[in-house]
Every structure is written in structure tokens, then in C-alpha cells.
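Look for chain A in each of the two complexes below; its partner is chain B in the first and chain C in the second.
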Partner chain A sequence: MNFPVARLTARMLLGQRRTLLVVLLALLPVGIALLFRLAAPADADPERFTARTLLGGMLTGTILPLVSLVFATGAFGQDIEDGTAVYLLATPVPRRDIVVARVAVAWLAAAALLVPAALTAGAIAIQGGDPGIVAGFAAAIAAGSLVYTIVFTWLSIATSRALVAGLLYAFLWEGALSGLFSGIRFLSIRQYTAGIAGTFFDLPASVYQPRLDPLPALVLAAAVGAVFLLLAVRRLERWETGEAA
Partner chain B sequence: MSDSPAPAIELRAVSRWYGNVVAVNDVSFEVGPGITGLLGPNGAGKSTILHMMAGLLRPSAGEVRILGQPAWRNPAIYRSVGLVPEREAVYGFLSGREFVELAARLHRLPDPARAAARAIDLVEMGSAASRPCGGYSKGMKQRIKIAAALVHDPQVLVLDEPFNGADPRQRLHLMDLFRSMAAEGRTILYSSHILEEVERIADTVLVIVAGRLAASGDYRSIRALMTDRPHTFIVRSSNDRALAARLLDEPAIHGLAFEDGRLEVRARELLAAARALPAAARAAGVTLYEVRPTDESLESVFSYLVRR
Partner chain C sequence: MPPADPRAGAIYDLGYRAYDGPRLGRRAAVLSLYVFTLRAAFGIGRRPAAKVVPVLVTAFAFIPALIQLGVAALIGSRVEVVAPWNYLGFSEVPVALFCAGAAPEVFGRDLRYRTLALYFSRPLRRQDYALAKSAAFITALAVPTLGPLLLLVIGNGLASEDVPGYLAGHWRELPQSLAAGLLIAAVAGLGSLAIAVHAPRRAHATAAIAAWFLLTLPVAAIIVEVGGGAGRYAAWFSPFDLLYGAALAIFGREPGADSIQGAAGLPIATYLLLALLHAAAALALILRRFQRVQA
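Right after this comes the complex of A and B.
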């Protein structure tokens, strides 16, 4: 890993106002879990709420892609847009190392927020239920944030509208359309994440059932991550100054 | 086979187009050690050429080589090349010293702090090096960018409008710096749209107009080409008709016309006209009020060179 690039990327992310918004967003599930703990109806099922609503729904379905998108585009899109990327690209550092360092920092930043949020929110809401649900989603969110970060990094290099494209992917493709077409689960990082989480627990369908089994979810997540990492490196190697990226 | 070393910068039949727009059209030249000015009006294609030299833009046709190696998709060339882009943006959250040290670390220099300090001294930014770049003036940003480009002591320096925003004293200092680097055998190529700037520093000039190489060579001969061309003046005097009658006898004047009641004088070249006009006015007993060239914009000068 190229540490000067990684340090620079970390400082870029820390200096951005939207990082603060993302931190607040990551705290939201903890607040919801506290509310559930304090004000849930007596017949509420903590396992169902934790798996389906809190970790599988809000955190995996909404906050995970948003946080990953903000960090990935913050790590790459901004300096391509304002021209400062030239100070990295006009150096002997291989473009592959630049992509890897930026993905690593964006992923670590996303995981550092999301994994503790999942563990804390899950621990508050589960109330003696299967701890595998919380551990599973925490591990799956760490893996899912890596795949999202890689895909959104590629988007940041490939287009100047990465934020819009990322939002469309996360909320239109993975959200609205996946409910209509079941095949979309094979092309959905959200479903890979849920499938990986399923490795850690075995719940009845009435409580929570991922749409992908753990093994295909893991294989697809690894394949998509590897392919888009290669695409991102390839795209940056062919990147030209003055592009609309 | 020739044993001569590869030119520092070499363009062979290079073109670059964006869709239907041709930005650079079949340009070939070689640049060796010393200072070479890439001169041309805004939008002529200078930055496109510089970016292709810096490996940041792929030629649509032809080849760009730096020290014998292809520039495109070859990060290894940056060990020998320093680039100062025209865009003002720098990492505003880094101090000047951190910015130059970052460049040193990216070049994997053995002592980045020392290399950065040396480069910062070269551009006289020592006193401001601890301040964030975001608070720098345009001239300071320009100098810290130059320091970052110099930190690895490159053999080839490519600068896009490097004097933008620099005050006259800084400009002179940077010119001295580039001259001393050129004297050490380095190749410095810089773009400018200001004739006088190039005049003061460049040994050799490449003139780019509308994406084509309009002229190249020693600065003085190109300057002469620019001066010894037909010129048109609007003349206002106490008696335009008497002056016109007298000017008919002047060999340097090859055309006269009254356009909208104003006397328009066409001369074969600038200096001959400058001598002929006052002489004719004196001989005709006419007072000259105004002699105004009509086509002195840089674009018209460059267009003339292209037509030649």
C-alpha cells in the first residue's frame, strides 16, 4: 500500500463537511435501537426487529451504501474534478497503487463507522436473542462496505456524476427494482451483504431470510469486488486530464 | 544506426481531436536542453500539447516521447519529468511544506524533508511554507507548484503558463532559476501567450496557432518574422489627403485607402512604415495626430505566421 497516498486520502476525507453528516447518519441505527429498547410494544420480536428492520433493513439497505458512496466519491471524485489529482498521477506511483490506497482508506473509514454502529445498535436491540445476528451483520457490513467502496470508486473515476449514479444504483436498482425482479439479487451488493450475514445465523423465514445463500453471496461479492477493482485500475491508467470525470 | 542521444522531448506527427474538433493537428518537433517557449494565443492547443508531453493525454495519432520513452501510460517517465499544470488548484488543507514533501515521498526520495526544503528555497517560499496552501495567493500557489515539480530534480521540466499570478520580482526570480537550470543542461519547455515573456527567457520558440505548428526556431528570427510582415494603420492628421498624396511616393507604403473618412495605410513591414510615416508628414507639412495599427492582436500576428 502506498502510505503517502493513503495519508493524503485520509486527510481529504477528514476535512470534508459531508464526513460529519455521514457520522451522524451512522449514529441513527443506535438511536433507533435505543427507542426500540425503551418503547417497543410487549409483543415485539427483538430478533425480527434487529435482523429485518434495523441491521438488514436500515443499516444494510440504506446507511451502508450511502456511507460507502460518500467516502468513495470523497476519496476520488473531488480531486479529479478540481484538477489536484494531477499531483498524484504525474508521479512514478503506479496507478494501481493509487486506486488500492484510496479504496483501502475509504473502506476503512466506512467500516470504522458502520461496524461499531452495527455492533452497538444490534447489542442494544437484540435483548437476549441470537448474538449471531449482530456478529453476522457486523462482519457482512465490513465485507459489503468493501465491495460498495470498490464499485463506487470505479464510478468516481469513470464519471463525474458518480454520486447520482451511486444513488440510483443503491435506491432504484437495489431498492425499488429488486422487489419486482428477483434475479436482481445476483447483481445486488445489498443482497450479497445479507447473504454473507446469513452465514452466522439460521432464522425462520418469518423472522429473517436473506435472498442469497451464504456461499453464492460470498463468491459473488468477491467476484464483483475483484472485477471492479481491476476496472478502476484500468480506468485510471487510461484517465486523461480534462475528461469529464 | 545513429548514436546520438534521444531528444528530451519529441513529437512525431501528433494530432489530438475531441469528437469532431481538432485541437492539435499533425505537429512534429524536437526539444533539446535549454529553455523553449511554446507560444500561441489562448485556445491554440498549447495545453493539449503539454498534457500529451506529460503523459496525461493520449495522442489521437502520432507519438510523444520523453527522453526516448513513450509518454502515454508510462509513469516511469515522471522520474525525469516535472510538471507544473496551469490549473490553480492545490491541496488546500496541506501546508506548502507538506505539499512539496508529498511530492518527494511519491517520488520515493531518500530524504523527503530535505528535498522539499531545498525545492522550497529555490522558489523563495520558505517563510510561507508552514501555512496551508488554501490561503496562498495565486502567485504563491504557482511557486509552490513549481517547488513540487522540482523536488526530484527532474531532467525535463514542463510548465503551463508558469508566471500566471507572479509579481514582477517573483517573475524575474523564476526566470533566473529556469535559466540556471537550463545552463545545467536541463530541458525546460513552457507555454505562454505573452510574447514579451517568451522574449525574455526562451532561446527557442515553438509557435502554435489553431492546433498547428506555425513556426519554430530561434526566438529572434521568429520575432523578425512577426515584425517584418504587412501592417495596416489608421492614420489621423491635420490633412489626411495631403499626407496620402505624399505617402504615394514612399516605397515602404503599398496601399492607401479612405475607409469611413479615415486614412488607412498599408505598409510592407513595421520598421519601414515607422520611418516613412513621419517623414512623409514632415515633407507634406502635415501634423500627425494618431497612428494606430489595426491588426496587432496576438491572434492576427500568429495567423500571419500560419499563412506564410
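Right after this comes the complex of A and C.
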């Protein structure tokens, strides 16, 4: 871990107005949970709402990829786009260290926002249901944000339109298409995240059931994370100064 | 002042001439800006990488219509799942991603590289520039929003056994589709441009537009579901829910019971009214930005 690079990345990510908007994004589920607590109809099932709608739907389905994408492209794509990446890449810092430091910072930033958001929102909405749901999703979001950050970092290095490509992946592939083709669950970080969360609770299918079992989810998430980290390192090692990204 | 040296200066006639040909003026400038922006939205005249996203996303927007027509052709036309009035429900992700990918490019380069001075020193006025570019983006967005509707209506007509009879019963769907498709393009397009002109970077604009369309959908659905009496107004505040309602109003349909409009129970005409208001407000924001921006 290269701390100067990490510190630089952290300053790049945090010293911006948009970080405030991302914080608002992470607070959204908490607001929704409060609304549910205060105004939900009497026949609503808190476990079903928390698992299916709040944590499994909105947080892991929309907010997790969006926040990871913003941080990953902010940590890497932004200074490639500005042309300032050259100043760091021209130093004798091993490029592997640069990738690892940036992934670590982007992941920590995303997880530091999303895990407390999941815990708070879940604790508010669950109302005496199985606390494993909240713990499971909090742990799974920590793991899922790492995989998302790695994949989106690779995307930032490999393409110049990483943000749009990441949105296509998160919303078209994992969102719209996975409803039609159920095999996509094996190629979807969202489903890995839900599958990992599933280790912590056992709910009837009518309430909530992840589409992947815990073991394949964990193995696939680890494999995808490792492969894309290697690809990102390799891609940056082959990146020549002066090449337009 | 020293006396001029008689040998130092000489004026040569280099043959420079003022332009005295026809000057095309403001209208031609607006038109060429419109055409240029329209081409750029699909990456025509740009490198191949710029074409991938708009073309791919547009293709995805057509897939539900093609599936519907294919199924109707194979097993008869009485299976109508995908229809012009509910089409936005199937194409909302591609439409949002088209906006997120293409809208920041429309004004982004000129704002970032300060090339506006080159435009505004011509007969083109500030509002001409903003209107021409906005109109071009709305036209581009009409390809994924209006195109599939026209394909469905025309395809359904051609697939029916009794074409004159079909025309007599369904001719209204053609102008209705035109109105709905253009309204969706105008509201979504102007809304995303209004976000894009206020974001300092392309990446911020892309993320903000995607969040504006795709994050408000589940949030509005949850608020309508659990929020009770006051929560139902959330259906007005998600752009796609608003446009879905407006399309239902244009086609004179009632919302299904499982849709958010059905759950909210607000009068369907209000969606149309608010959609128009939404477009007007977004246009005002864009125009104001270009009145004030330093060229």
C-alpha cells in the first residue's frame, strides 16, 4: 500500500462538492426507512420491506453501484481525462501500487458511506424482525462495493467513457436484462452481493430470497474481484505515457 | 514623434480581399448548429468509440417493440403486452442511459473549452444557440422514444388481417404516438440538458442525470407504497413516472392497478400538465444559463 498515493486519491475524492451529493444519495435509504417506520400501512411486513425493497432493492440495486461507480471513476478516470495522470505514472512508483492504493481508497470511501447507511436504514425499518437481514446486507455491501470498485476501476483505465459503460452494466445488464435472462445472476455483482447477504438469514421465498446461494456468490465475487484487479494492474502497466486513454 | 523614414515603409498589394459573397445569416447558423449537434449525438463524424453507446442504447430501446411484433406475427396479434401507451415502462433504462451518455456532450465541450465566444461573435444570438442545440438533442432522443412507438403502430397495422378495418379503428394511435414520443423526448431531453449545463464536468453530469432518472423511480415507488395520503404525490416527482402518466393521458388510457399511477390515484391529466411544466422550467433554466455564462 502506497500511502502518498492513497492520500492523494483521498484528497481528490473528498475535496469536492459532488461528494456532498453522494452523501445525500447514501442518506436516501435512511429517509425512506424513517418514512416506512412512521407512515407504513398496518399490514406491511417489516422484514419483507427491509430485505426486498429497502436493502435488497434500492440500496444494493441502485445506490451501491452508483456510489461505487462515482468513487471508482473519480479516483481513476478523472485524472486520466484531465491528463494529469501522467505526472503520477511518470514517477518510479510501481503501477501495481497505484492501482491498489486507489482501489483501496475508493472502496473505503464507498463502504464508509454505504455500510453505516445500510445499518441505520435497516435498524430503523426492521422493527423487531430478524436482525440477520441488516447485518447480512451490511457485510454484503462491504464486499459488493469492493468488487464493484475493482471492476469500475478497471473500466476507468480501459475506456475513456467508464461512467457510461458502468451505468450500462449496472442498469441494463444487472437491472433490465437480468429480469429476462435468469442466468445473468452468475454474472452480476448485484446478485453476488445479495447472495453473500443470504448467509446471515433464512427467509421464506415469499419474503425474500437471493437468486444465488451463499457459496457460489462468495466464490464468484472473489474470483471476479481478483481477475479484474489483475486486469486493471496489467492494463495500467501497459499504459504508455502520452497515450490517450 | 520622429519623422518617418521615407525608405522604411512600403505597402504591398498582397491581394487581400473582403468577402463579398452571400452571407447566410442567423437562420443558416441555427440550422447548421442543429445538424451538427444532431450528428454528434449519435457520434456521426466522431471516432468509432463515440458511436458505441448511443447506437447500442438506441438498439436496446427498439428491442421490446421488435419482440412484440415478432410474437404477434408468429402467434397472432391478440397478445398485446407491449403497446405504445405503456412502452416507456419497457424502454426507460435505455432512454435514461441515452440521456446520461449524450446530454453532457451537447453543451459540455463549448462550456469547458470556452468556445462560446466564437459562436456569440456571429449573427447567432445566445438563445438561438441554446434553442438550436436543445432542439437537436430532443430530435436525437426522439429516435429511441418515438421510433419504437411508430414501429409498433405501423407494424401492428401491417400485421393485421384487415388493414382498412384496422386503420378505421386505430388511426388515432399514429398522432397519439407522435405526441407521446415527442413529449417524452422533450421532457427527458430538456431535463437532462438542464442538469448538464449546471454540472462542471462531464462525469458529474452523467452521474447526476442517471440518478435523476433511475434513482427517483424506486424512491417514488416506495414513497407511494408506504407514504399513504401525502406519499402518493411522489408519483409526480419521478420524471419517468410523470412521463408514463402523460403518455397514458395522451392515449386516453387508464393506468393499470399495479402501476405507480394506479396506486397513486391522481387524475391522469395532471401528469400531462406537469410534464409540460417540467419541460418549460428546464428550458428556462437552460436559457438562463446561456444568458449569464461568460463567453
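Keep this in mind: the second predicted complex is superposed on the first by the 241 of 245 C-alpha atoms of A that agree within 3 Å, B and C clash if a C-alpha of one lies under 4 Å from a C-alpha of the other, contacts with A are read in each partner's own complex, and residues count from 1 in each chain.
We adopt the following convention: a contact is a pair of C-beta atoms (placed from the backbone, for glycine too) under 8 Å apart; a residue touches a chain by one contact, two chains touch by 3 or more.
Owing to the predicted nature of the structure, the values given are computational and were not obtained by experimental measurement.
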First, second, both or neither for A:L215, with chain B first and chain C second: neither
Chain B versus chain C as contact partner of A:E237, first or second or both or neither: first
Contacts of A:L20 with chain B and chain C, given as first, second, both or neither: neither
Contacts of A:A226 with chain B and chain C, given as first, second, both or neither: neither
Chain A residues touched by each partner, larger count belonging to chain B or chain C: C
Touching partner for A:I32 - first (chain B), second (chain C), both, neither: second
Partner chain(s) touched by A:I63 [first = chain B, second = chain C, both, neither]: second
Of all residues in chain A, those that touch chain B in their complex: 2, 4-5, 8, 11-12, 15, 79, 82-84, 86-95, 237-238, 240-242
Chain C residues within the chain A interface of the complex: 49, 53, 56-57, 60, 93-94, 96-97, 100-101, 201-204, 206-208, 210-211, 214-215, 218-219, 222-223, 225-228, 231
Interfacial residue positions of chain A with respect to chain C in the complex: 18, 21, 25, 28, 32, 35-36, 39-41, 44, 49, 53-54, 57-58, 61-63, 66, 69-70, 73-74, 77-78, 81, 159-161, 163-165, 167-168, 171-172, 175-176
Touch list for chain B against partner chain A, complex: 51, 54-58, 73, 75-76, 78-79, 81, 83, 85, 87, 89-91, 93-94, 99, 102-103, 105-108, 148
